[in-house]
Amino acid sequence: MSMLEVRDLRVAYGAIEAIKGISLDVDEGQVVTLIGTNGAGKTTTLRTVSGLLRPVSGEILFDGQRLDTVKAHEIVKQGIAHSPEGRRIFPLMTVEENLELGAYTRKGDSIAKDVGAVFDRFPRLLERRAQKAGTLSGGEQQMLAIGRALMSSPRLLMLDEPSMGLSPIMIQLIFETIAELKSTGTTILLVEQNASAALALADVGYVLETGRVVLSGPGKELLKDENVRKAYLGED
Amino acid sequence: MQTFLQQLVNGVVLGATYGLVALGYTMVYGIVQLINFAHGEIYMLGGFGALFTYTVLLPGGTPVVLALVLMLLGGMVVSITAALLMERFAYRPLRGAPRLAPLITALGVSIFLQELVRNFYPAKSPRPFPQLVDPSHQFSLGASVEISAPRLLTVVVAVIGMVALSTFVRRSRTGRAMQATAQDPDTARLMGIDTDRIIVTAFVLGAALAAVSGLASGLQFGTVDPRMGFLTGVKAFTAAVLGGIGNISGAVLGGFTLGIVEVMATQYAPDPFSGGAWKDAWAFVVLILVLVFRPSGLLGERVAARA
Amino acid sequence: MTAAGSSYRRAVGSQARVVALAGAVLLVVGSVLPWARFSGFPGKMTLAGPGGARIGPLLLALVAALLLRQVPGSARAVRAASTFAFLITGLTVFFIGYSGGGADYVNAGAWVALAGALVYLLGGLGLDPSRPASSPPRSLPDAPWALPAEWLLTAGSTAVALYVFVHGLGIQSANVGRPNDVVIRGAISINALTNDGEFLAFLLLLIGLALVATRLGLLADLSAITKKHPTVFLAAGMIAATAFPFTQNGNGYALRIAASIGVFAAAAVGLNIVVGLAGLLDLGYIAFFGVGAYVAALVSGSVTSTIHTHIPFVFVIFLGAAVAGLFGILLGAPTLRLRGDYLAIVTLGFGEIFRITANNLDGNSGPSLTNGPNGVSNIPDLTIGSFSFGDNHHFLGVDLPFQANYYWLEIVVLVVVMTAFLRLSESRIGRAWVAIREDELAAAATGINTTRLKLLAFALGATLAGAAGTVDAHVVKVATPDSFTFLESALLLAAVILGGMGTVPGALVGATILYLIPEKLRFLQDLRLLVFGVVLVLIMRFRPEGLIPSSRRKREFHDDSGGADALSMPPGHGEHMA
Amino acid sequence: MQAPRLVRVAAPLIIGALVLSACGSKSESGSGSGNITLTLGVIAPLSGDLSAVGNGIKNGVELAIKQANENKTIKGVTLKLDAEDDTAKAEVGAQVAAKLVADSSVIGVVGPLNSSVAKSTAPVLSQANIASISPSNSNVDLTNRGVLATGGTQTRPYKSYFRVCATDDIQGPFAADYAVKDLGKKTIAIVHDKKAYGQGLAEAFAKQAKADGATVLPTETINPGDKDFSAIVTKLKAAKPDFLFYGGEYPEASLLTKQMKAGGLNIPLMGGDGVDAAEYIKIAGASANGDLATALGAPTDSLASAKQFLTDYKAAAYADPADPYGAASYDAANAIIKALAKAVGDGKKSGQAVRDEVTKEVQDSDFEGVTGKISFDQFGDTNTKILTVYSVKDGKFVAAKSGTFGG
């Protein structure tokens, strides 16, 4: 049994169907990536998994339990953390407060320890711990967003476009972080436009086009696929 | 100079009421971007709840301090109940509705609550409010500037209320969640925050502070009436905008600013534009000037426009 | 509630149709039998035959015939019909009993009808209410008679609307003849109660029929047809509006109400430019209306005017409009860069400043201009040429009280404002306004001068309000600061939003409803405002987009993700909330 | 099987109903004894803030109608009441006036309460020549009295408009004479609420007080609905007045007197009939002691008819109090009833002829009402200019002096 199963999911914004029947699986310990162009339905998929959107039909199972009827704020408690597209840090709160909010569902004094762990992972954040998050650079905000997601001690970490709009050095740092998380056994569902980097890292990849899965397979294999190379890696 | 100082005190007292009520506007606005025009009525209900507690529930001869505490509780129960019902049955069904629909709902709720009290309390004319704090007891602030006991009480409870709220929002877990919801409700939900509950919390806290203000106003003036919420509501909303709506310190600052402007306009505005008849006009002129130069209010965050 | 409903439906099952039909038959029988044992109710309720409030249950019972053939939506239509048939029957029986002084005064027909209505309701509620798949509006078959038939339908619907309006307004002057105790309980109450009972029954019938028509898709069909023939529709509407005074047989009150609705509607349409098209929330709109009214009052030649001048009214309209427009620019220029809700409070403030100023410019607490709280009174009747608006006339065998003159004038003003709105909304400017309303940044990015256009909307709205105000001053005969309070602005805004933003019919319907509800709630006396508040909340609860939402808005934003535009509440936590 | 059960329930219902309908119908009650029914209208605020006062007016009229019908004052005529709510707005007032005009059975109107509303009802009612008598309009413009002050010639703007109350230009000066001449006050502060009534009264007071030789401080204003008057009190205190005249109504007056005395400005407050209310003392409490108010007519408890009215009013168990205008409304209604009785006696039975005749007879009214003698001058103003000053003693308004202005 997979940790996360998505079965024949359909999601619509008003009259427009954004996802037209997607199925996918994420197994414990895997890194699974969704790639595709803008509007393919990647972000919508993540937002539906975390309960911000309600599917028209289909189901989502987490550890075999139905997830698509659970409220968004309950889903976090079940062990799914979502670092949203565009980072969406809380701009008027300090870095430290942002991290503490990441652990909102948890109680106890291990929170302080985990904040420390995030600072260990991202020393830049430690320097800016008392600064308003809105004043951080894009890369720093992304670190904060990932760190904040980690604060809920998730079993499944969903990252939406973590490299978007960042400098090459930052992008490298972010992917290194993801690789590191993978090596510690964290299960990750990664949405990326940077297909080569994502596929290189992923155990399994799904290619989405206009709301459907058009191709799936182990990341390394997709990386070699001719169609994928043409469409997403910008090669002729 | 003496007159000026006395007027300053008068302005601070007036501003304290505006500030307390403005907090309710600003919290609800900050979180759901709803101008809850019926919040003034919540303040009015707080006053009536306290009066009801005193005249109907309390036995004669209850010690003053105990009576005051119980009246405050009674007022809060009424205010909070009304706010909860209002949120649940009038506003919540309208989430996702066109932006202006809740504004009309708020207007309807406001009219409804005023008329409800007027017809069924019944209070077709102002109701006398027990004078538990002697208004003729004056505290001297030096140089024959004075403040009467109930007025001092108004300022003291207002300041306590404001500081308590501010601390709550800044320090407590729920307060943090309120801030988060105000800044980005979707992401707040991703953190595990039940935003519906946060919205309810904002209504409840606003109502509690309004009840404090309603009681203070009853003690200060010795009357409560069903229309008292409307004017105060408009002023408090103005204060919230003046300070930067959505900003808690802004609401407080806005309240005091507005109160002082009104009082000073009464005394010092150039003739013939001075006096009570013009003071509200001056208050709005100051509001417009402030907004022309600081479009987000005195303490409003300049939030970068995002598409 | 829903669970209880579905278990009830399961219990009734397939018998529901039979029960409903049986109830309907019984109701038809009951509705033609005598209902009352004393005379005076409209429609000869003491005699057999349909009449008065009995018409409603009868018509709604006939809807049950739909069950004999499976028409799409018929189940939902019959449910609605049975519900309202029961409400009307129950209400009427209550009123008969109440005005009579006991159940003895209710005749057997009423009891039969009540029993029938109950059975009908029980059957109706048992029907399966599932919503049929929506289909595009049907139209008439392609035949030579189709075009005239469509014209007829278009004109006919206008005539029906006029009839409904006239009838609804006219329910007020019946006399109930139970002289024995006229004074005791009732000098006031009997008359009032029977009339208001009848009006409520009429209102319920209207709502019931409208629901039936909506559920059968008839309304959508009709509106599609009328849209095909806008000229016919407009002409029919004009004729109906012009003809209205002839239906009133000298009743100045009805004309007065109609004229007030007209001026209120004109102001609402004007406000709709500002709020509905350009998306600027204006909470002080009544001030511009007030500017127009004061200008007209001051130069009307009234003895109480501080400016002892008399300018012919044809010029005054333009003068009032121009001055109001100027105030619009004065206020708009510095403040239009404010975000939505900040603009709202600034306009509210401006409205209050206007009222306070008008209240103070009396030579005591300010320069002498407006007479302060006394206002400018004794405003003379309008004269244009040798025609005085204050004279009663007699034309085509009908008495036309002087209110008819003002009514027609208001209609002219309304038509002008409506035309302005329609022309603007279809123009380039109108499209630019809509663009600004939906997304100001994007609009600016496409090269639209947003500041100038917003100012234009503001000024135009103010101008139209000013023009309407000049007429109103002569109708009310006094201009006082009390007439221009924040509540008035809020009610205008409510009219726009209740009706549906950005449309002319919306503003018309909203203004009519908001004006008539308090007028027709008079019998509630002190509870009337209370009920009014509840009505506002309920309408918004069930039609948050307004009664007649803009189809254009739907068309342009059909792919909208459900309310992410500038005028939407964050949809239960929308995308952007900074 | 659930469904048939429902049918079983329905069937007896249907049968029962049919049986019921088969029963003979009760004979219809005979209608009328040849009486005609005419209507006396009331225009007053029956909803909103002023509804208690408006209902007092309505009740006063209703009482008069009830007594007229019981005593058969008008031969062959049953009077009924049509009370219309003007919501205290001019706009609505004009509408309901038109409504009453449209009802051909309406032969007279009592009301409205507010002068501003009267300015829009009087033109409509005068056009139909329906007599309207207000119990409370005190604004001078309504009968064009304003021109008297400037030495102009008074003309009547509304031919069928009457009022039984004293105008501001009589009540204000009467109060001023009392303050300056009887009480010997020297430095007088003036505050009003910037409404037509309050300002009119305060201005008339100030003018007379100056003429009587007192020093009158610059007028201060407050807003109706405000509660915090500390700024005004502080401002006044600096000028050290020994008397304050307030033009306005009791809700603000009671708060003002209280805050004034708490703020150390211990001088009496005097107001017009808008302050003469039991509620004033209830709210102001001990602060009200020594405060004064003027009101129309001789002291209520000095007239037997007035006492009778209050007893009858109490017996009718109305929800709202007769104060402040119930008695005057009762008088106004009786003026119309008496006029109608004469008109009907002359054989006028219906239509415009009755309206014309009633208006004519109202003009000639001359009887002792419960508020004093009821008769009108050629402009529609009352000839009775008796006023009384009341002062608060031990929680009650006690008559201090009665008289007419200038006499």
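Chains: A, B, C and D, in written order; residue numbering restarts at 1 for each.
Note that in this section a residue touches a chain if its C-beta (ideal position, glycine included) is under 8 Å from a C-beta of that chain, and two chains touch if they have at least 3 such contacts.
Everything numeric in this text was worked out from a predicted model, so none of it was measured.
Using mean Cα coordinates as chain centres, the one most removed from chain C is A.
In terms of C-beta pairs in contact, the better-connected of the chain pairs B-D and C-D is C-D. Chain-level centrality, scored on Cα centres against the all-protein Cα centre, points to C.
Mean C-alpha positions place chain A and chain D at a centre distance of 74 Å. Chain centres here are Cα averages; for chain B and chain C they lie 35 Å apart. For this pair, chain C with chain D, the centres built from the Cα atoms lie 34 Å apart.
Of all residues in chain C, those touching 2 or more other chains are 359-360, 364-365, 526-527, 529, 562, 578, listed in ascending order.
In chain D, 51, 194, 219, 221 are the positions where the chain touches two or more neighbouring chains simultaneously. With touch defined as above, residues shared between interfaces to two or more other chains in chain B number as follows: 183-184, 186, 188-189, 195, 275, 277-278, 280.
Listing the residues of chain D that touch chain B in their complex gives 49, 51-52, 194, 219-223, 225-232, 234-235, 238, 251, 254-255, 258-259, 261-264, 279, 282-283, 285, 320.
Here chain B touches chain C in the complex through residues 29, 32-35, 90, 93-105, 107-116, 118-119, 182-186, 188-189, 195, 234, 237-238, 241, 245, 272-273, 275, 277-278, 280-281, 284-285, 287-288, 291-292, 295-297, 303-307, going by the rule given at the top. Looking at the complex, you find that chain B touches chain A at residues 173, 176-177, 179-180, 183-184, 186-195, 301.
Within the complex formed with chain C, the residues of chain D that make contact are 2-4, 6-7, 10, 13-14, 16-18, 20-23, 25-29, 31-33, 35, 37, 46-48, 51, 55, 62, 65-66, 69-70, 78-85, 87, 89-91, 94-96, 98-103, 115-116, 119-120, 123-124, 127, 139, 141, 157, 194-196, 199-200, 203, 219, 221.
Chain contact summary for the complex, chain A toward chain B: residues 50-52, 71-74, 76-77, 81-82, 84, 88-93, 97, 100-102, 104-105, 148, 152.
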